[in-house]
Amino acid sequence: MDRKNADAMFEDFLAGRLDRRSFVTRLLALGASATTTAALLEACSGGTTETPKPADGGGGDGDEHAKAKGKGKHKADGDGENVLPETKELSIYNWSDYIAEDVVPEFEKETGIKVTYNTYESNEEMMAKLQVGAGGYDLVVPTGYIVTVLAAQDLLFPLRKKKLTNWANLHPMFLNPSFDPDNKYSVPWLWGTTGIAYRADKVKAPPDSWAVFHDTQYKNKMTQMDDQRDVIGSWLKFRGKSLNSTDKAELDQAKADALQSKALLKAYVSAPVKGQLVSGDVWIAQLWNGDTMQAKAENEQIAYALPKEGAGLWTDSLVIPKSAPNIRNALAFMDFCMRPEIATKIADFTGYGSPNAKATPETPIAYPTDEEMKRLEIQKDLGEALQIWDQIWTEIKAG
Amino acid sequence: MAESVVEFVNVNKTFGDFRAVRGISFHIEKGEFFSILGPSGCGKTTTLRLIAGFEHPDEDGGQVRLHGDVVNKKRPYERQLAMVFQSYALFPHLTVEKNIAFGLEMRGTPKAEIPGRVREAMDMVRLDATNFARRLPAQLSGGQRQRVALARALVLRPSILLLDEPLGALDLKLRKEMQLELKTLNRELGTTFIYVTHDQEEALTMSDRIAVMSEARIAQLGTPAQIYECPRTPFVAKFIGESNFFEGKATGRSGDCWRVEGSGGAFDVPAENGVTQGADVIVAVRPEWLDVCAPDAVPAGENAIAGTVRDVIYLGETLHVLVDLPGERTVTVAVRNEGQLARPLAWKKGDRAAVAWKPEDCQVLELGDA
Amino acid sequence: MSHRPPAWVLAIVAAVYVFLHAPLLVLVVFSFNESKYSVEWTGFTLHWYQRLLERHDIVDGLVRSVAVGLSSTALSTVFGTLMALALARHRFRGRSFVEALLYVPIVTPEIVVGISLLILYVLLGWPLGLTSITIAHVAFNISFVTVVVHARLQGMDGSLEEAAMILGADEITAFWRVTVPQLWPGILSGAMLAFTMSFDDYVITSFVSGTGSQTLPIVVYTMVRKNIEPSINAISTIVLVVTTVMLIVSDRLSRDKPLSAD
Amino acid sequence: MSGGPSVRQRVLGWFHERPTATAWALLAPGGLFLLVFFVAPLVIMFGYSFMERGLYGGVEAGFTLEHYAAFFQPLYLTILLRTVVMAVSTTLICLALGYPVAYTIARAGRFKNALLFLVILPFWTSFLVRTFAMIFLMRDSGLINSLLVKAGLVEEGITMLYTPFAVMAGLVYGFLPFMILPIYSSLEKLDLTLLEAAEILGAPPRARFFRVVLPLSMPGVVAGSLLVFIPALGSFLSSDLLGGAKQILVGNLIQNQFTSARNWPFGSAASFVMMVLVVIAVGIYLRVRDADEAREA
């Protein structure tokens, strides 16, 4: 047995996926040498500040695994994969409209795995479900800083990168992100920007600044996202500040700007604004580039701008919740989506940027130029400062 | 003594703090038409429900016996009784014949026997089977429902039939008719009827014996004549028929009578009722036992109290002469109507008049019961 | 009484009926409109209904909603009927406590119900899914069923059961032979109410749903949010037609059985 | 019934002798269910409202009143006030529209059932579907506006969607049947000879209505008001979908605390402040109902 397989098993053990006895038994059964075993056990007792507790988040899945094993689906194929149970199911929880329609059927056809696919509309909605610890999801797609939050709560399962044969396809720019150093948990899924979508046929001049949301001539024809990070963030950027600012004075200024624009806004609305852009009820909307592209597919007059003051850049990532019952399949799906042709399909359908270097999507809304890239900033978790943000957001909404 | 089919021995029934029945005892004989009479809330329905088994006596609350067996805890369906409810309680979802057959089915009567028995019961209450058997209760008149309810009870050939104000919802004419029929059925079938009513006239007409209830107790038990003619308490006297009351203190005895001095005048009462010197005495006199006469023409040996005629009321068979007596009391005197057109009554409003009665016609009542 | 309400009252009434029905009617009409965005009538089509068949999330959602609706209705109807029987036919201490308990679900705002249940599930580590949704629906439906059945029981002559018992039926026989047939319309309308509320619930369900448990309202909500094509009109029309039919059927069923002989 | 009692009879007998046990046996399944899955969650939530917030959601042990104190800042009180005003106005509008309808149905003779059915029908239709219908009608390019423009009444569509008007219209649309049905049932019970009595005593129509009909239908009015007020107080979907999320209500505030703000204790505290308002409303209802029952007794 090579050290790598043992490592993997050890990782499982640490993550609470195996109890101590089956870990040791299985190690011995694999024919590990006494020294390796001793070394591992030593590492184990030394390094396990996180000795797995059955009641911990991983407890429930332990049962799941036991069940799966009990069904006799487990095959000892000798290459170390057997530490993960083999099932024929996979549950994906993704943003709505965030995958190409035929990706899942294709994956099902190729692998024989039955996929349950559910969607959500906000990170918070998804997090609430994960915090329950037993949502039953195998793959979720949090936005960058949410990965940090989930990891901090010990809700994620560490990636087994060696199972991801297409890992090399990823563009180095999206690897080792600040929100998840060394991609311990996450595989980049899509990336995009939060800018301004507009109706080229309705506006006098293409908007190039967040200041457009202060422009009285577009009163009642504009919307911003229904999301505190995006709205307050845009006004922080407008004043040349970081969209992760926790400075009270800066936030107060953002609040004043937001309140000024609120009088002109039609609504705070996120993805649903697409239909109204198409119908012309809304002319100018704070929106993601990809959703803008989806709307553009319905109406050619829709265009996209990145404000000159800067905007948000984000990466959404595939992660596996610690409570996932079908980790092996989740990894298989991750790997599947890293194939260039699949990544291309997804990027084409959603209109978002692919982190896949070998993908070749058509991009009706161009990727940001290098110059634009410099203006973009990535959202980080606010930690304790979230309270201040929430207070300010409530004040904006109550104003 | 005849066979007792129902017997109550010092039975008590309490609902929470409310004592519905207090220590009542009586027995009902086989074939008897026994009425329980009283105003609403007196405990008469509770008494019937104790017999039926819907209620059970309190722990240590005496005994209820049916055919000699103590049945305190037996459930209604273990008692082999039949009952006609005030609301009839016909099953609205079942046809007339299915309503009547219900009890037979419950008691395991052979299937083949049932149609005949149903027909027989319908005949008994004079319901036309061809016409009514398939109808639903909603399609019947009040009187017809009443007959179905009766048939449903009688079809079981019960030894005891409980009737809870069964005629209350009928109009006067129908009620009279049914009273007669019930009495006839009672005689012909030999079934014991236990009849609850608040209608004193109905009770007097139909019953062999009546238990008058008041405030959870039996105020008096007896034949209709005993109850009417010798009421034991002011309550019974007031509740059954009309009565005039005279009261005072016993002041002296002379022969068979005690002399009683009241605020409105003195009168004699029979001595046998345990009146003692100085005791408060109250007597009841039925209007028809009173006479009205000129104050100076009172027949010898009769009690008389003088007053003024307040009004004369025409009732058909009789006339009521209302006489105001001293002490702001008005008594009613019933006078036979001998024809107001041919032989009009001499009395009119404002005349001085005395009411008079024979001492033996007044009933000395027990005190302490309003 | 023959007095007609004054004309201005009738005008308000007419306006209210238009207000209640025009939106639904428009929705139905435009589910057959060819145009994808416009409110102009461009021609008749069944295209949006065909689209529904292609969308297995809608079909799955419908199946789940029916499954959750039926099971939660069955449970809450049984529980609620038993509670109503206890309240209507039995004397017991603690009645006011039970009555207060039954009030709680009726007066608690949905959002509080949904969130507090989610907290409970988090604490218990109870997996979110069709079971957790069904439990939630049973919890908020019991009270409504109890109230409806209780009202019917109160309108029902209690001496019917006594009559059955004195005719020889024991409690269980009397219950099945007399009480249930009488109570049936009440139970049915309680069940109808429960099913509709379960079938329609979005707020509470959205908090307690998990993988593979997106019911129809949740799918519809996502579609309403996106608001892009008339498929939503089509699915609304279907829901509308189904509820109308159910309503008419239950109305028929309950009207055939009079409450009492009077 | 010869021989010893059967098991069935013995069981029935056992229960019969213990009426309280019988009642509790009937109550147990539903009652326990309610306690475990309705009351317990509320109690836990109440407990949470006194705990410290967890950084990533959830709670941490501790006891504090700060979340209640926090709620009584002008910011949140404004939101609370706005919510109450909106719920009360929804209730009043529903009353103003619903009473004439209930009154007319109660006197509609043979059309009664049909009219009633037409009120109930939308009530049995999905709330979301009805909300969507409102959006469909009220959008800038929605049906109402396109008809208005076509008729030449306005040049450009009127803004209806994403205004307080839209929220109110949605709430009234959603809850109107809750108002109509209880008023109808109390009016239907009204003894019509009372009106004749009032008439013969010389009361003109207006007086007959205000002195006889209205007081006697008060239980229905109060019950209907309660049934509208409570869900209106807790509503948050309408303000999101029809109000464009511009006007935050207590319902939105609560939802926000459990999702993006990750402040569960504060969300719990806000929930219980709202519950206090609900309890007050129910208290008023019970007083009116009891007074009415006392009068009837």
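Just a few scattered comments:
Note that the chains are named A, B, C and D in the order they appear, and that numbering of residues resets to 1 at the start of each chain.
Just so it is clear, a residue touches a chain if its C-beta (ideal position, glycine included) is under 8 Å from a C-beta of that chain, and two chains touch if they have at least 3 such contacts.
Since the structure is predicted, the reported quantities are computational estimates derived from the model, not experimental observations.
For the pairs B-D and A-C, the count of C-beta pairs in contact is higher at A-C. Distances between chain centres, each the mean of the C-alpha atoms, put B farthest from chain C. Averaging C-alpha coordinates per chain places the centre of chain B 54 Å away from that of chain D.
With each centre defined as the average position of its C-alpha atoms, the distance from chain A to chain C rounds to 37 Å. Per-chain Cα centroids separate chain A from chain D by 39 Å.
Mean C-alpha position of chain C lies 15 Å from that of chain D.
Multi-chain contact residues of chain D (touching two or more other chains): 12, 16, 58, 141, 258. Each of residues 128, 131, 276, 279 in chain A touches at least two other chains.
The set of chain B residues that touch two or more partner chains comprises 75. Pairs of chains meeting the touch criterion are A-C, A-D, B-C, B-D, C-D. Within the complex formed with chain C, the chain D residues making contact are 8-9, 12, 15-16, 19-20, 22-24, 26-27, 29-31, 33-35, 37-42, 44-45, 48, 58, 97-98, 100-101, 103-104, 107, 117-122, 124-137, 141-143, 146, 173, 176-177, 192, 195-196, 205, 226, 230-231, 233-234, 236-237, 241, 251, 254-255, 258, 264, 267, 271, 274-275, 278-279, 281-282. Within the complex formed with chain D, the chain B residues making contact are 73, 75, 78.
On chain C, the positions that touch chain A within their shared complex are 36-38, 57, 118, 121-122, 125-129, 207, 210-212, 214, 222, 225-228. Chain B meets chain C in the complex at residues 15, 52-54, 75-77, 79, 81-83, 85-93, 102-103, 106-107, 136-138, 140, 145, 152, 156, 162.
Residue ranges on chain A touching chain D, taken from their complex, read 122, 124-125, 127-128, 131, 149, 152-153, 220, 223, 226-228, 262, 265-269, 276, 279-281, 383-384, 386-387, 390-391, 393-395, 397-398.
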